[in-house]
Amino acid sequence: MQPAPPSRQQGAESRKPTIVSILVGRDTRLLVQGITGREATFHTGQMIEYGTPVVSGVTPGRGGSSVHGVPVFNTVADAVAETGANVSIIFVPAPFAPDAILEAVDSGIPLVICISENIPALDMVKVRAHVAARASRLIGPNCPGLITPGEAKIGIMPGYIHQRGRVGLVSRSGTLTYEVVWALTQAGLGQTTAVGIGGDPIIGTSFIDVLAMFEDDPETEGIVMIGEIGGSEEEKAAAFIREHVSKPVAGFIAGQTAPPGKRMGHAGAIISGGTGAAADKIAALRAAGVEVADSPAGVADILKARLN
Amino acid sequence: MQPAPPSRQQGAESRKPTIVSILVGRDTRLLVQGITGREATFHTGQMIEYGTPVVSGVTPGRGGSSVHGVPVFNTVADAVAETGANVSIIFVPAPFAPDAILEAVDSGIPLVICISENIPALDMVKVRAHVAARASRLIGPNCPGLITPGEAKIGIMPGYIHQRGRVGLVSRSGTLTYEVVWALTQAGLGQTTAVGIGGDPIIGTSFIDVLAMFEDDPETEGIVMIGEIGGSEEEKAAAFIREHVSKPVAGFIAGQTAPPGKRMGHAGAIISGGTGAAADKIAALRAAGVEVADSPAGVADILKARLN
Amino acid sequence: MNIHEYQAAELLANYGIPVNAGIVVSDPSGASRAFERVAGAAGRVVLKAQVHSGGRGKAGGIKLAGSPHDAQAAAEQILGMDIRGHTVRKLLVAPAVEIGREYYLGIILDREKRGITLMASAEGGVDIEEVARNTPERIIKVTADPLLGLLDYQARSIAFSLGIEPPLVGGFTSIAKALYAAFVGSDATLAEINPLVLTKDDRWLALDSKMSLDDSALPRHKDFERLRDLDEENATELRAKANGISFVKLDGNIGCVVNGAGLAMATMDAVKLYGGEPANFLDVGGGASVEQVTLALELVLADPGVRAILFNIFGGITRCDIVAKGIIEARKRVDVGVPMVIRLVGTNQDEGRRILGDAGLSSFETMRDAARAAVEAARG
Amino acid sequence: MNIHEYQAAELLANYGIPVNAGIVVSDPSGASRAFERVAGAAGRVVLKAQVHSGGRGKAGGIKLAGSPHDAQAAAEQILGMDIRGHTVRKLLVAPAVEIGREYYLGIILDREKRGITLMASAEGGVDIEEVARNTPERIIKVTADPLLGLLDYQARSIAFSLGIEPPLVGGFTSIAKALYAAFVGSDATLAEINPLVLTKDDRWLALDSKMSLDDSALPRHKDFERLRDLDEENATELRAKANGISFVKLDGNIGCVVNGAGLAMATMDAVKLYGGEPANFLDVGGGASVEQVTLALELVLADPGVRAILFNIFGGITRCDIVAKGIIEARKRVDVGVPMVIRLVGTNQDEGRRILGDAGLSSFETMRDAARAAVEAARG
């Protein structure tokens, strides 16, 4: 299995970079937007320590300085021109995050991961439409990022809990993902790639996008999908799985006890207008042949049984 | 040579309908937007008389009525659903024309011709960007339309001056086009298709788009390109001709005596900021191997010599 | 954030939507006085409970009155009433309207379309979710272009689909466009006019309005803070929010303190799975400092019904030893008084558990075990 | 439509751009009084001719004055001055500014990019077209997204490219964004600040502004009509415009009446080709009714220098017989007094020429022949 650089495809939904050992690989050259911020500086250190090739950072007005030895530029265009950055992770505060995403995308970066939370939903409606019409893929916002164990960690997850292995993981949640990753690692299954798609109502990459990549990825033998209340992306994913996914999928849906009309932490985690209840999502997944666990760690048990 | 229905292609510039005997043909089913207006009603009659298959009209609030026997609908979506319209010509007044273009494009009409003039330029910047991201082609605004003699007349040009023949014609001007058409007809050369791309600064279809179609059209043996002062589309067309056009091209540029800074009728016919002078355009065309006539009728003489 | 009907109406009026303006009162005599001012020629008013809840009509929270005396009597009945857990503290007194036809017009943040969707129906004045369930074909949906916004032709197409006569289409599309502008201008997630009525004399009127605003966008709408009704919000939730903690009050007796929203939901679910009832959702946020843990404990203990506390911490970037110290320190500051069950895993977990053990606190490795123990403890 | 510097500054100030506000005067004593009000601590003013033309500085239309007396003297010199054919009738008197650095910042309707392009240069205060010609690399260009508008990162990237120091970037981007908002909000085709200066005390200031507005968009900016300076516009052109005729005054002696803008330009070119000089551009528009033809004749004859009139009509939808009748009727209403040369082809051309012939008017079939004849006639 060779990690490959982002490549562009034709077509509306699929005109996005697809990479073996999905999304990141050996050719990844990471840019950190907002690198001089407290959180970004800390995580830059963590990512470098994990072995992620962090090549540059951007903070407007701080061009010429450096963070953990990483050169800082005023603009993404400069960072791309000088350092060949091809993946960006965004840590800038919500009011400036939409602009940061647009700057990354307009500068031709094919994969943009936005960690920032509390971005107004209507900003994301516009940003997402702009990105969707271009060749870049956006992951997030309000996500923990993604990791291909042993290869690159592009996010805020604790690296050590991961182990390169056989299971692809996609999730709307952060710590809940770590919980599942840990269980997979302890079960000896490990992960091919773990992707947090984010807990906001409007996000750049959907379950379906990542499921399709895992289905196509020869290294991935089984898939874990972690959903939660709110919206109907899990139901859409279920329909996709039924039609297009041949690999075993184990699922977990958080929020079975959540009351309607209340936002449960994540902006997107809310049952409203009669949609978004956990029971509906679980039913849809089961009807699509997905085994749904009654606890996060339970997905590891399910896949262990299915894959061995 | 078979006229074919609009077909979609991949790619940014070329992802547009291309049709043999360019743009319109036997499968054309024309919709007239704003059909109940005075001018539109008159030209609907003229187009029907010429043999153009006018299948429906739209005037909001006038649905259920008819004009020259053509059924009128409230919305383009209704007209498309009921009558299979696949080309639209727009006659609505400038304040409503951008919305009419968007309605046609969003309703999936692959070819939209906008006759309306005096549309604010910044409206067209947005409309054009929207259309460019979709599979539809917009011709105009502020154009006379297009005609494939003997096949279909979709515009306000006098039909009888045209004759099916060997020359493709593309022009930013109306009456000047008729002048040249008349000369081509009298010279026995005739026209394959004559396209008026419009006299506004921001238009949907450029010289280059139409030149490429003529180059690909087996029926077209020679090409006439009629430019005028303002902008630099003629210069860009010249560069395109040099690289991509093998057929003989004759040109004429109006406005050699026009003073700078003055709008000569058309919103786009103005020399400003040091660009747009006729002399520059003529020089560029000549450098690209285009024979430039010193009078409109002169292009017919040039092509007669080149094609016989 | 939810706002009251009268506040939504005020906001929509600012965008040019004709609303049935009335007067807000909070006592019966105010209703009587309001009658004099708004009853007008028709001589009748409608009194409407102002609560952040639907189902006001069915609950008796909306009444007509034909005299000041009747208005006062109706107000006496409605004020103080409980509607789905909300106590009525305010009434909107507005002129009664001669309704010709009723429509529904709403705009939502449409997660599925990833855009802004308008919904309309000629079945106005009724529960639109019921219409959506039973006769979805009677709801017309149009999604605005994310970059161009709602276009005129889209607003018209809704009007024509509703069967509105041509002379009345312009009035309808103006309202649809104004509602869209209000939605976008306010960063709403929901804006509804139900019913939008055509009066017997062919005037359009927004008879009832409802809006929800995007919490993430509130920082750029400072003026919206005045729309917040503290009576309608849980004081503990507000205190949590002000301190970067997500907290939602629930009905059970097992208080939960968790890091991460997804994990917090999963923790509630685990409590339920083992036969308990969670008392709250609580995401302590990224830091889990002594201050955050202390505050979290206070928030959970503000509920007198809490019989046990379940900590579920997955130490990632946060180190377990730090969290353990935080818990011990917080326990010193807060009088806990109920059993604490702690699940602590992740970075430096052994050191963390050792610290807890030294302080006489046992801890668990799995969420299941901890949830089970918490349920046991609450039964205690 | 072009507007004066002081009007552009007013407009830009409404969008929050710091401009060097002054007072507009139309007589020398006004300049003296204005000095007292604007000179301030620096004790110096700049007097600037307000004409719709560039090259004011070179022509002596901009002067400094250090006293009311000097201001009056300078105003006497400038008022009445001719700058590229424009008579100076108004002066802007503004405080003289201690300039630190000068930049150019402009926005154009960019036909090539089919969008709105910002241009900036650290070579401010000079003729930007000259910079564009000689050292194009010193001009930074950024095209705004047509649907999202100018983005913050774009404005910043201009600032960084200009080498503006970080603490001053925010001030610059605010001005760039405000200029963009003014451009879009006014439907401009050009909006320029030249120079945009950084004063010695590090304040940003728009020292000179220029704007052109899109004629097609004027109907939705009714308030802009008050910005029109009738002294700067040709009365005949305005009268033509009000009647749907496009007319541009030129310097020759052969009046042209043509249907269609492109054909009208081609007609002028033909006149020139055969050794004549066109007196005007005139597109009579679609109809060519008796009224339009009559008015066209009047417009052309308003120029006393006209020695011959050339009609060039290509009858398309318009029938030649109708046009012929129109010409004959118009000739009755207007005292022509110079030779008329008519070229009439297209729909019903034979009938049209017969009608002209019956009235003693000869006509031509080709534009060349008609143009040649008109040149002959003007030499008369």
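Every chain is named by a letter (A, B, C and D) in the order it is written, and numbering of its residues begins at 1.
Criterion: a contact is a pair of C-beta atoms (placed from the backbone, for glycine too) under 8 Å apart; a residue touches a chain by one contact, two chains touch by 3 or more.
What you see is a predicted model, and the numbers here were worked out from it, not measured in a lab.
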Any idea whether B-D or B-C has more C-beta pairs in contact?
-> B-D
CA centroid of subunit B to CA centroid of subunit C, Å | 54
Roughly how many whole angstrom separate the Cα centroids of subunit B and subunit D?
-> 28
Interchain centroid distance [CA atoms averaged], subunit A/subunit B, Å | 47
Scan subunit A for residues touching two or more other chains and write them down.
-> 126, 130
Junction residues of subunit D - those touching two or more other chains = 145, 147-148
What chain-chain pairs meet the touch criterion?
-> A-C, A-D, B-C, B-D, C-D
Over in the complex, which subunit D residues touch subunit B? Could you list them?
-> 108-109, 111-112, 114-116, 129, 132-133, 145-147, 184, 187, 189-190, 214-217, 219-220, 246, 248, 250, 258-266, 268-273, 278, 281, 283, 314-317, 345-347, 366-368
Please give the residue numbers of subunit B that touch subunit D in the complex, ascending.
-> 42-43, 46, 94-95, 118-123, 125-126, 128-130, 156-158, 160-161, 171-179, 182, 199, 201-202, 226, 228-233, 236, 252, 254-259, 262-269, 272-274, 278, 294-297
Listed in rising order, subunit C residues that touch subunit B in their complex are 145, 147-148, 151-153, 156-157, 160, 166, 169
Residue positions on subunit C within touch of subunit D in the complex are 147-148
Quick one: which bits of subunit A touch subunit D in the complex? Just the residue numbers, please.
-> 60-63, 74-78, 96, 99-100, 102-103, 106, 126, 130
